[in-house]
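When the chains are written out, they are named A, B, C and D in that same order, and each has its own residue count from 1.
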Amino acid sequence: MTSVFWTWVAAFFTLSILSFLYKDNPFYKFAEHIYVGSSAAFYVLQLWVFDVYPKLVGGFQYKVGIEKWILIIPAFLSVLMLTRFIKPISWLSRWAIAFTVGMAAGLGVTGLLQGFLVPQVKATFLPFYVPGTSFWNSFYLSVNNILIVLGTVATIFYFYFSREHKGALGTISRAGITFIMIAFGASFGYTVMARVSLLIGRMYFLIHDWLHLA
Amino acid sequence: MVPLLLSILFSLEPVRNVRAFDTPDDGGGSITVTWEIPESDTFITRIEIFRMEGSTEAAPELVGYFLRPQTQFMDNTVEDGIPYYYFVRIRSDSVYVDSKITTTPAISKAQWFSGRRLPALIILVLYFGFLMFYIFKAKTGGSLFIRKIAGLEAIDEAVGRSTEMGRPILYILGLGYISDIPTVASLAILKRVSKKAAEYEAEVIVPCFDPIVMVAAQETVKEGYLEAGRPDLYNEGQVFYLTSDQFGYAAGVDGIMLRQRPGAVFLQGLFYAESLILAETGHSIGAIQISGTTAVTQLPFFIAATDYTLIGEEMYAASAYLSKDPLALGTIKGEDIAKMVLVVLILMGALMETLGIHWLSNFFALF
Amino acid sequence: MRREIPLAITFISGFLLIVALFIPHKPFGTLQETFNDWYIIVSGFTMILGIDSLLLHNWNKVKRRKSDWPYALALIMSFFLTFLWGLYSIVYEPTHNPFAPTASFLKYFYKSIFVPLQATMFALLAFFIASAAYRAFRAREINSTLLLFSAALVMLGRVPEGEQAAPYVFGIIFLLFAVYFFIEASLLTAGFLKYLYIALGVLLLVAIYPVGKLLLAYLPKIADWIMNIPQLAAKRGILIGVALGGIAMSLRIIVGIERTYLK
Amino acid sequence: MREFFEKLGKIDRRIIYLIVAIGVITPILFKARLPIKPLPEVRQAFDYIESLPESSTVLISIDYDASSMPELQPMLYAILRHVFRKNLRVIMLGHWPLGVPLGQIALEDVAKEMGKKYGVDYCFLGYRPGIAAVMLNLGKEIRSVFASDYKYTPLDSLPMMKNIHNYNDIALLIGLEAGSVGDFWVQFAQARFNQKIILGSTAVITPDIYPYLQAGQIVGLIGGLRGAADYETLVNTRGPASIGMYSQTVVHILVVALIILGNVGYFVLRRRK
């Protein structure tokens, strides 16, 4: 019996959200507010159980020496953040923000350098001629490589900012935007299937689990 | 039975050239052991690595094993400064044979410089050099040109039109945390938007996904209002937190769009699948929408559903473009020069690969 | 002082992280993880500010009886009910963890309220992707036409039996284009352009059959090729730009040129 | 006439939503099915499970959560049906704490349907933090990370677990992936312990997993809803995936048709201006 009840609850929320497609209405408003409120609480619990508790409380319990006492720094930064509750000294919270923004910058440099810049440049070092199993196979593979190298270069030129896109630069950057547009179309088309899968999942739930029609 | 008999017939050969040495470029606490496997490796069912602490006389301890032929093992259970000796045992079912014990002691220690990352350091220093050079050049005067970016030109117009219609402006910072650069770039655009809004006395609403981003956004909007000379118009309730659930956030923002009917919607920052939910709802209420993200997978949806889109790097250039700060513009020039260097590098690399010369790509593979 | 100290903190934390990339020795080797742990702790406490903001925002609506205030009340109540349910699971249930498979929090709240809400919101995308495609994919000029074609090819190339439908779909598209060119041509006075349009129209009509055959035989391969060659090239170009721009942005933050939340 | 084309260029979005909804619902309601030709990599996965001797043990890892459910849950049901039908034993665990319960729901469902007994034919271990640590310890002794199952029953009290200690005792590992955990499985369980692995993945990450298949590091790959539909076809059950395939094709064709209609309206109006 309880499982029937909970299936109805799930179906109610599913339909309430879907009703949004027609127009804003009390059911959507209700579901939306319940969703925002309960998910906020959900993430507070998740943050506590999976992050803060093991990292801070667990850290103070199990770590030793410097590794333990250094945890005073984040605890202090946390307190600074909370000074926002006290208006006259709320500017102290900027110190904590400063740390997080500095972290963003540091991680930005190291992450982009290692994770994007170098691997992407290296992956573009492709030979213009590939020996294949036959003439046409070789031709096909070589043309593909040439297209990748030229497409990458043209796209980079599209992002050249400090000169008007006229003349040769204009021609290359227009080729770049052509590549970008083909890419966006393909990427859009590629995603449709995954999104429709989600809808099928919900519809199947309604028709099969709730209404027992199929 | 058959492998056992065979291994007795052929007698299992021990592995050769066992070497143990401090793992290079690490923070200590690790020794790498390597060896060579004899030809008859098809009989091997198990490889075991043994360690002796202090001297070759000490009792051997099993520190690792493989169930398939491998020639390298990293022992991460060692302590720095203590000499260790190793040998490797290979088994064919119950039959086994040991290698010689390593003769030189292996002592692990931490390194102060990662030689492996030298190429990264070179590239970084060069790039920073370009950027700093153009920052200093900008300092000594000389104006820099920057091409028109339609999405940024449209900001003032969007804020203005929204004000004319008597509607608020909705600014969405996406799902990024403050430790993501796109979020910081978005804050720079938010500052400009809130300054303009303050000049027009329009309201800016900023619902947030992450509490730290909310705090930073509050400070940013406050600064924007202050720069416009209207700190009196700012109230903390404009920038508020919703929820840290991706689709809960999308549901909440959709609700705000439908009920507060903003005239202009800014979608700037890091977005995931919810991008299209937000952009389509924004379109359905007839708002002017200016989007921007570095998330390549979401760009097609922004292009399709919003009026203007800042593509990738354009978003990073935005703050320099909007502030017209010569120092920031200097870095844009530096970026462009680096781009040209990379283009040359890519073409050169491809050409070298064609000719069968691989050192450049090997240099880049070192990371 | 109010400005210098934050700038100094930003500089030091950013600079240290960059330097740490090249030093494996303690404490630099693990600095990134250490900072990440700190960040998580700080963000955990900042959540208090977030929740305060959310609840206050909605409580004000209730207090001032703004329109839709009952919903704001529902939001506040759902927050506390969920939170208390989770606490109940922590304190009274044997696993002491609301996210354990046996916890009532996960079994009922998560499965029957949270998941349907999340999944349905996500599923709305199927509708939006259709309406956005319909509205935006117009063959305005050459680039948007290419966008349209690559989207249609990949879309049909991904589903079973897509190659059966594709020849008809593209046949119709070619036919329509041909008709369009003929109409254009009929309205022009004789000249190069007129003959060009007629030629293009004829070309499209002739192409319908071979292109259909080609799609029938190779559509999934064509879709893969678009994803693997031109799509990859453009994505790479964008990512290289993003990396350069992001590093420059980071440098601007570290040296204090970029200071959004400070004057 | 002009009005007609004008409407064609500006169909109300709600009508589009309705068309999409009908396109999805009708095939499900009428249980329409497309003749599906399974992809070779899915057949490879199926054949491998087919070849396992009776009462071998299969480990299933749940590495996804609710947002990937529509793609991976049908896959899991189809795999479980196949595995239980072959009288294999199932151990389930997972690395996404919020997804693990979804795995349990499916396991209990299918076990009930096929009359399987807990502890004898299947068991559920749950989640332990630390992806790499869990995987490495499974290479030595499963009890060092999972001393007990999710109900705190010691593993030794479960008859099926008596002789199960490490990868040597597990015939096959099946990982259902929405993120990067699959890479870890290959890196640790396959590369170090030669564990046979089949991965099921969401459409988004499938391209990242293909190289493992080509390199022979995994013995089968089931990608996206399409892969799930293929598997359902092979196992000969009618699940949401194969039913959904018809909807997929219908919706894709509908969207392309809508784009064409929109363009017809657009061109006619542009001509008239």
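Just a few scattered comments:
Everything below uses one rule, namely that a contact is a pair of C-beta atoms (placed from the backbone, for glycine too) under 8 Å apart; a residue touches a chain by one contact, two chains touch by 3 or more.
Predicted, not measured: the structure shown is a model, and the values here were computed from it.
Chain centroids computed from C-alpha atoms place A closest to the centre of all protein C-alpha atoms shown.
Ranking every chain by how far its Cα centroid lies from the centroid of chain D, the top place goes to B.
For the pairs B-D and A-D, the larger set of C-beta contacts lies at A-D.
Note on chain placement: the centre of chain B and the centre of chain D lie 28 Å apart, centres being C-alpha means.
Per-chain Cα centroids separate chain A from chain D by 22 Å. Separation between the centroids of chain C and chain D, computed from CA atoms only, is 23 Å. Centre-to-centre, using mean CA coordinates, chain A is 12 Å away from chain B. Touching two or more other chains at once are residues 17, 20-21, 29, 31-33, 35-37, 39-40, 42-43, 47, 50, 81, 84, 94, 97, 100-101, 103-105, 107-109, 112-114, 117, 121, 124, 149, 152-153, 156, 159, 180, 184-185, 187-188, 191-193, 196, 198-199, 201-202 of chain A.
In chain B, 120, 124, 179, 181, 184, 212, 215-216, 219, 241-248, 251, 259, 296, 299, 301, 303-304, 311-313, 317, 332, 335, 339, 342 are the positions where the chain touches two or more neighbouring chains simultaneously.
Multi-chain contact residues of chain D (touching two or more other chains): 13, 17, 20-21, 24, 67, 69-70, 97, 226, 248, 251-252, 255. Chain contact summary for the complex, chain A toward chain D: residues 21-22, 50, 192-194, 196-204, 207-208, 213-214. On the side of chain B, the complex with chain A involves touching residues 119-120, 123-124, 144-147, 149, 178-181, 183-184, 212, 215-216, 219, 241-245, 247-249, 251-252, 254-255, 258-259, 296-297, 299-301, 303-304, 311-314, 317, 332-333, 335-336, 339, 342-343, 345-347, 349-354, 360-361, 364-365, 367. If you check the complex, the residues on chain D that touch chain B are 13, 67, 167-168, 192-194.
Listing the residues of chain A that touch chain C in their complex gives 6-7, 9-11, 13-14, 17-18, 20-21, 29-52, 55-56, 59, 70-71, 73-75, 77-79, 81-82, 84-85, 91, 94-110, 112-114, 116-117, 120-121, 123-124, 144, 147-156, 158-159, 176-193, 195-196, 198-199, 201-202, 205. Taken together, the chain C residues at the contact with chain D in this complex read 94, 99-102, 106-107, 110-111, 114-115, 118-119, 122-123, 126-127, 129-131, 133-135, 137-139, 148, 151-152, 155-156, 158-162, 165, 169, 172-173, 176, 180, 183-184.
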